[in-house]
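The structures come next, written out as structure tokens.
Each of the next two complexes has chain A plus one more chain, namely chain B in the first and chain C in the second.
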Partner chain A sequence: MNKIADVLVVGSGMAGLVAALSAAQQGCSVRLLSAGMGSLAICGGTIDLLGYVQGNAIADPWQGMTQLPEEHPYRLLGVDNVRLAMDSLRKTLEDHGWPMHPAIIDGHDGNTRLPTIMGTLKPTWLLPPGVEPQTLATAKNILVVSVEKLRDCRPGLVIDQLKRYKEWADRTYTPALLPSPFGEAHRSISALDLARLADRPQTRNWLLDNLAQFAGNYDLILLPPLCGSRADLALQQQISAIAKCPVVEMLSIPPGVGGLRLRDVLLRAMKECGCTFIENATALHAEVHDGCCTALQVNASGVVERQAAHAFVMATGGILGGGITMTPGTVQETVFGIDIPAPQDVGQWSEQDIFGNHIFSHMGIRVDSAMRPVGHEATPLWQNVFFAGRTVGGYDYAAEKSGLGVAIATGWQAGRMAARAALEMNGKQQ
Partner chain B sequence: MLVASRGMPQQRTDPNGESMLETTVVVIGGGATGAGTFRDLCMRGVPTILLEQGGLAHGTSSRFHGLLHSGGRYAVGDNDSARECIEENTIVRRIGHQCVEETEGFFVLTPEDDPDYVQGWVEACAKAGIAAAEVDVHEALRLEPNLSPAIRRVFRVPDACVDGFRLVLHNAMSAQRYGGRMLTYHKAVAIHQQNGKVCGVTAHNTLTNEDVEIACSCVVNAAGSWSGRIAALAGLDVAVSPDRGTLVVFNHRFTSRVVNRLHPGSDGDIFVPHGSITILGTTSTTTDRPDDTIPTTAEVQRLLAIGEPLFPDVRNYRILRAFAGTRPLYTPGNASGRKASRGFHVVDHGSEGLEGMVSIFGGKLTTYRLMAERAADTVCKKLGVTAPCRTAEEALIPDPDKATLALAARHFPMAGLKIMADRLGDDLPSVLDAAKAKKENPLLCECEMVSLAEIEHVARDAATHSLTDIRLRTRLGMGTCQGTFCSLRTIAALAEHNIPLDIPPTENMRRFLQERWKGLRPALWGIQAREMELGRAVYAGVLNLDGAAHEQNC
Partner chain C sequence: MNMHISPDKCIACTTCVVQCPVAEATTKFLGPRMIGPAYERFRLLGLAEDASLHYCANCKNCDISCPQGVPVSSLNMLARAEQCRHHSPSLRDWILGHGELMARWLRHVPAPLKNFGMLNPLTREVLDALGIDKRATLPAFATQTFRQMFAHIRQPGHKRKVIYYPGCYVDVYDPTTGVDMVWALNRAGYDVIVPNEVVCCGLPLVSNGFWQHAHANAERNLRELAGWRDKGLPLLTGCPSCALMFRTDLLEYFPDLISKYGPCRLEDAQKFLLETMDDALFEATSTAPVVSQHVIYHAPCHLRAQGNGLPGLALLRRIPGVNVDNADAGCCGISGSYGFKKEKYDIAQTIGSRLFAAIRESGAATAVSECGTCRVQIRHGSGLPAKHPVSILRQHLEGLH
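Coming up: the complex of A and B.
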């Protein structure tokens, strides 16, 4: 453990995992620190690229990217690099048995509006295996399934809401509530509880048997994300085969069963590349000398230790992940203490409308095209420090529906650039 | 002299087919004073209708710190008010124990406060009849370990905490038991008079946009901060000025007791615990709008600065939200802010040429019952009703019998049973029946222990139109998650059981979250900012509520 890593990545959300993979693929030794489960544990299983630009729905995210402001991470990277990043991720997923794909419209890939457990539609880009946009568009006879005691998803609401969209209004819906496999115990259940049952062949039958009763009666079954917590293509195929129709999981609130599947794939891929994964480790602050970072002070399971590396990728998850600290009147990046410009008056950080165009939702580190944080003169603050994911500023993932897309694109670039910096430093030392 | 008509409010249809109600008294304002007057009149057998422009307690009665004053706060400056406080405090504990947590209170002298103030304060408390015994500082710190170790002196007083919304609701329930009728979301838009006497009120239903005519011989203006506007409907003027107060809610109960700073009344010097949270209040700024209730960051910062000498860690506690209300201060001769009297006044507008119109204003929630009694006395005298006031003797809500509670324990989690029974009051038996009829009765809000049966019951109430109405009645979404998880579950459960609210689900959720957002914005930092990002991730990022607002086109 004392050996200096080439690249130290902080954070195991999508951005951190992609950065670690991307650095490792360049031939670097990579160490990844994670404070908790990372944001994938609260994400859905689809990948958003870009759904809205300034409140307008975008059918083709690649086209939409050209309309983004210059400081947006996609613009800093350039569309071609974003494509390379996405291709790289798709290849990794495919190589590990979890091929994801976008809708193809007139030869171009585009967004698909997928139902959520609230019955709203959300545009997303990469779909999990087995989800075909064509089926969603044409199914006439739809079964909406949930499970007793799964309070977050009720078929009645899903159906009521879907009917409020023109393209979903003119269809036949049937609600169904499966009995809880946990019996009458006085506890509510989450989709993750159910998904874990489906992971194991010996407890999988409750789902298969319950779906079998509907076989052949419907064109499409919508259900909450309970078809396993791991990326298990065979299980997905088995479920659809038993139901005799496509089975599509609705996008759901945390716990993020779909995100855990992506995490499962990426952790496997990362370990194959020889990356070291250290859990329960929180980066506290950075040691910097002469325009370079030499090490991070880390609280690892309660012990403060020094983690040295040749290059660093910070994928610390912004406000939600703890990478950005907000106090009255000031906003700072947490580990390096980089000041993030913000109005003195907290009242100006947000708009009155909860879904307005808030200043705080764009707040983050300003980076160059290599993902290095920059100062006033747009020059990099350190040669070997790179940021990725939501700690980077200039975009509002929630409004744009661009969260995982930006995480992948910036993570890919930060990992690649960190690898380059590390290899250069290695070269100098040798 | 006017004559009381027999029986309770009557509905009839006028020749034009329009809705027409007939009663003796219309009380305007569904806050504590209005609901208290409503109850008092109904108990004396006077047919009465209560009008409220929003939901119950939509104004100031749900927008204060929830302190049932011992009177200690007013002892020096306004000894008469202090005496009223301690007397009413004792009564409210007795008649409304379901709404009160008997915490007691501390008055604490910090190094920043003038030690010479203490002697006069002790004497003033004694004069008003407020028990104020000194507690050894070490003992006080043992009882309240989060208090600053630098504090100098501590006195114990009979302060308590009160749930303002519940107090109003239980008053209204009691009135309805005596035959009273309540119209929420009805705004008084005209007061009619004939030959110098009140003869009716026009109420506008703000949800259906329909007008309702109510024939009556008396109007009680108990509209609090809005009472100036109500008086103006009758061409009258009352000396009431809204005074804005902002408060901060923390996600922890870091004090078991109410804690006041022992100094002349000032901003931000009272901490009031409620359940698992603590409220810090209150600022005082003159405003010309009774609905001036959007808190600012500057006010939050000011409250924290003034609270710090009492609780040195106050800036590290997670702020759940901030909120503001307006006090209806009685300001003859333009007294304002903290200098204005906290006393109350009943005005019989008969002397100004409008017989049958009575206004009640000023005062504070602690003395709501006494205010209601005085207003009802004035009305009854006009009507020739001699029945005495009984509101100080009779409990607002009868305690459920042991058999009912034992039955309830079979259908509700034990931990939440008392909380739920206290909250429900008269509704307990019906909610229990609903729970019995269900295969299961899950909790939809764990923070406040709200079960499906209770939510269904409240949702079916004619006075419930939105998730926010359900929140006020049940406290759903008032806890740690601030509605992030329980609001979706509630909307889902209502759809599942075919209980549509007037507002469609997506819009209902948006309004509910918007209401919570208003309180979050001025304190958008620390752990609460992270919680808020989780909410945005869920509702915008995953559920696309923002996009759905424009895309649901059928």
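Coming up: the complex of A and C.
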């Protein structure tokens, strides 16, 4: 451990993990610190890029990007950079045995509408291995499976809901409820509990035996995300082979399981790059001099430690993640204390319609194309400080369905730019 | 007493549920989100306690993972204290909570006799009937306590001094780790003071529900350590659980004592040693021939909870000849005395199985971890010998192979 890291990343959600990898791939020493796990750990396992623009569903996210407002992170980066970022992530996933892919429509990649455990459809872009949009579109005879005592997923409800969508109406559905493998349980079980049974070879048979009884009778099986909690391609293949048809997981409410698989891959990749991971450390304040940040003050179980670095990436997750602090009338970035303009009247922050255009959900740091926070004149506040993910302003991930996509694109850029800044600083010092 | 921490920061995101090793291993446990912040609301309304509270191992993975900073494990421990005020814990829990006190009572009995007394098959049957699983490997008393051995160490007489808090595991069961620590600190240019007054940090007392006893231990320790702290001496420990207890837990459990004595935040001795290396006070070089050794490191949860990364691992990486893997396979399952308990033994083994497999598959001949009971569990689960990082440091720098 050198006293001064090249790049210090704060936050271990998707944006922080991608930033750390991206900086490490440029040859930097990277230290990542985090006060909690970030929403990737509870997300589903698909990657949204862009599902809606101004409330309209779009099939081609790349096309859709060009219609976004100028301050949107994708526009700041430019479509080409977003592509590079996604290619880089896909390569990392593929290299670690978890290749994800988009639907290909007329030679272009595009969105897929995937069923959720509530029976609704949600547009998303990168799909986990084994999920083929073609099968989803053409399967006629579909088995919808859930498990006894799994509170959140009811096959009957899923089927009723799915039938209301034109593209899913004209199919034959069969509901099935598997017996719970847990017997007496003191709490309601979750898909994650079941997924973990599938992780261990000793307990995997529960799932395999239960699916074997349906083998050959259906062209598609939909089930909750219970096919393992790690990025284990062989397991996915084994499951589909036993069922003799594609087995597709529906998207779930937290814990969504699939996000854990992505996290699993990214943590492994980070470890291979020699990144250091400091858990349970909260960044408190920044030390800044002459337009540069030199260190962050960090709370390490009650002791304030100084974490020095040549460049910094803040991937602190916005309002929900802890990166933005709100008090009535003021909104501030937590560590650097950057003011975020917001109407004085809190009543104006949101609209009546929950799917409306809320000010609070766009709130975040204004950045330049390198992901440096900018002041009034659009000039960077510091040369070596970069922001990524949900702390960046100008987009509404929930309305657009762009959450992990923006986290990846901005994380990739922030990591790369931080690496460049760090190498420059390093050069100046030597 | 009747202390409560507000549960209202919890946004019910389920991140802690994903990370809790006990919830992963058994559906008998309600899980951190429900047993911690959610149930706390019922407690505030005076509703009865949930029957699965005792399954919380106080391993702190919930705290590490929570993005909102909810101190879930402390909510659980405070609830347990409250529960134990109404229903006294069992004899079994008394025994497991009071290891150090028993050792003090038995201090005049020779170790082989004590160990025979405690570890012979007949006693193990009796203990098993009391609820200490006979399949568990219990640590054996050392022939001499650390403090008895320390009294005979001739130190170099450095002007710079540090306070070393050995923790009861080192004191009672594993004195050589303490002696190796003194050696390392001496070599880094410090003489070591081990205050006579200090006792067990109280973690096993808290985990087993002996709140008043934990309070008494905390008072005795803080009274003693505050004096040294005020003289400006670094307060060090090699045991991650002790460190965490002094750095955060005592502040949440016993605010009365903290306002009386102020916090005494023990520093991780491995981090301290690493910094002496950075400052060139300590050179990790040796005149002895370099012997290569492949070891695998396990990070105790209570170390991960401290927000200082893994200084023990970094220290191992500085030792010439040592090739170290980071097992990075989660909790070992033991959580102090948790894994010794009959109704929890299997849970603990399930939790640790991923770590044991990683250790066995690594091909390393030795496992390394800072925490004494993690090492007990690793030996039991993987069959490999397990050592503290300072012991590996000393072994290589002194050529003691």
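Quick notes on this one:
The rule we apply is simple: the second predicted complex is superposed on the first by the 425 of 430 C-alpha atoms of A that agree within 3 Å, B and C clash if a C-alpha of one lies under 4 Å from a C-alpha of the other, contacts with A are read in each partner's own complex, and residues count from 1 in each chain.
The criterion applied here is as follows: a residue touches a chain if its C-beta (ideal position, glycine included) is under 8 Å from a C-beta of that chain, and two chains touch if they have at least 3 such contacts.
In this text, all values refer to a predicted model and were calculated from it rather than measured experimentally.
Of the two partner chains, chain B and chain C are each touched by A:322. When the two structures are aligned on the shared chain, A:96 is found in touch with neither chain B nor chain C.
For chain A, the partner touching the most residues, choosing from chain B and chain C, is B.
When the shared chain is aligned, chain B and chain C each come close enough to touch A:254. By the touch criterion defined above, A:303 reaches chain C but does not reach chain B. Of the two partner chains placed around the shared chain by superposition, chain C is the only one that A:271 touches, whereas chain B remains out of contact. Contacts of A:42 after superposition on the shared chain: both chain B and chain C are touched. Touch criterion met: A:153 reaches chain B, while chain C stays clear of it.
Once the two complexes are overlaid on chain A, the chain A residues touched by chain B in the first and by chain C in the second are 42, 186, 254, 320, 322. The residues of chain A lying in touch with chain B in their complex are 42, 44, 51-52, 55, 57, 116-123, 148-149, 151-157, 160-161, 163-166, 169, 184, 186, 188, 251-254, 318-320, 322, 326-328, 345-347, 349-350, 352-355, 360-361, 397-399, 401, 403. For chain C in complex with chain A, the residues that touch the partner chain are 11, 13-15, 17-19, 24, 27-31, 34, 51-52, 63-69, 243-244, 247-248, 251, 263, 265, 267, 274, 278, 304-311, 314, 326, 328.
Taken together, the chain A residues at the contact with chain C in this complex read 1, 3, 31, 33, 35-39, 41-42, 182, 185-187, 189-190, 192-193, 196, 254-255, 260, 271, 276-282, 298-303, 305, 317, 320-322. Listing the residues of chain B that touch chain A in their complex gives 294, 296-298, 300-301, 413, 440, 442-444, 485, 488-489, 491-493, 495-498, 504-506, 509-510, 513-514, 517-518, 521-526, 529-530, 533-534, 536-538, 540-549, 551-554.
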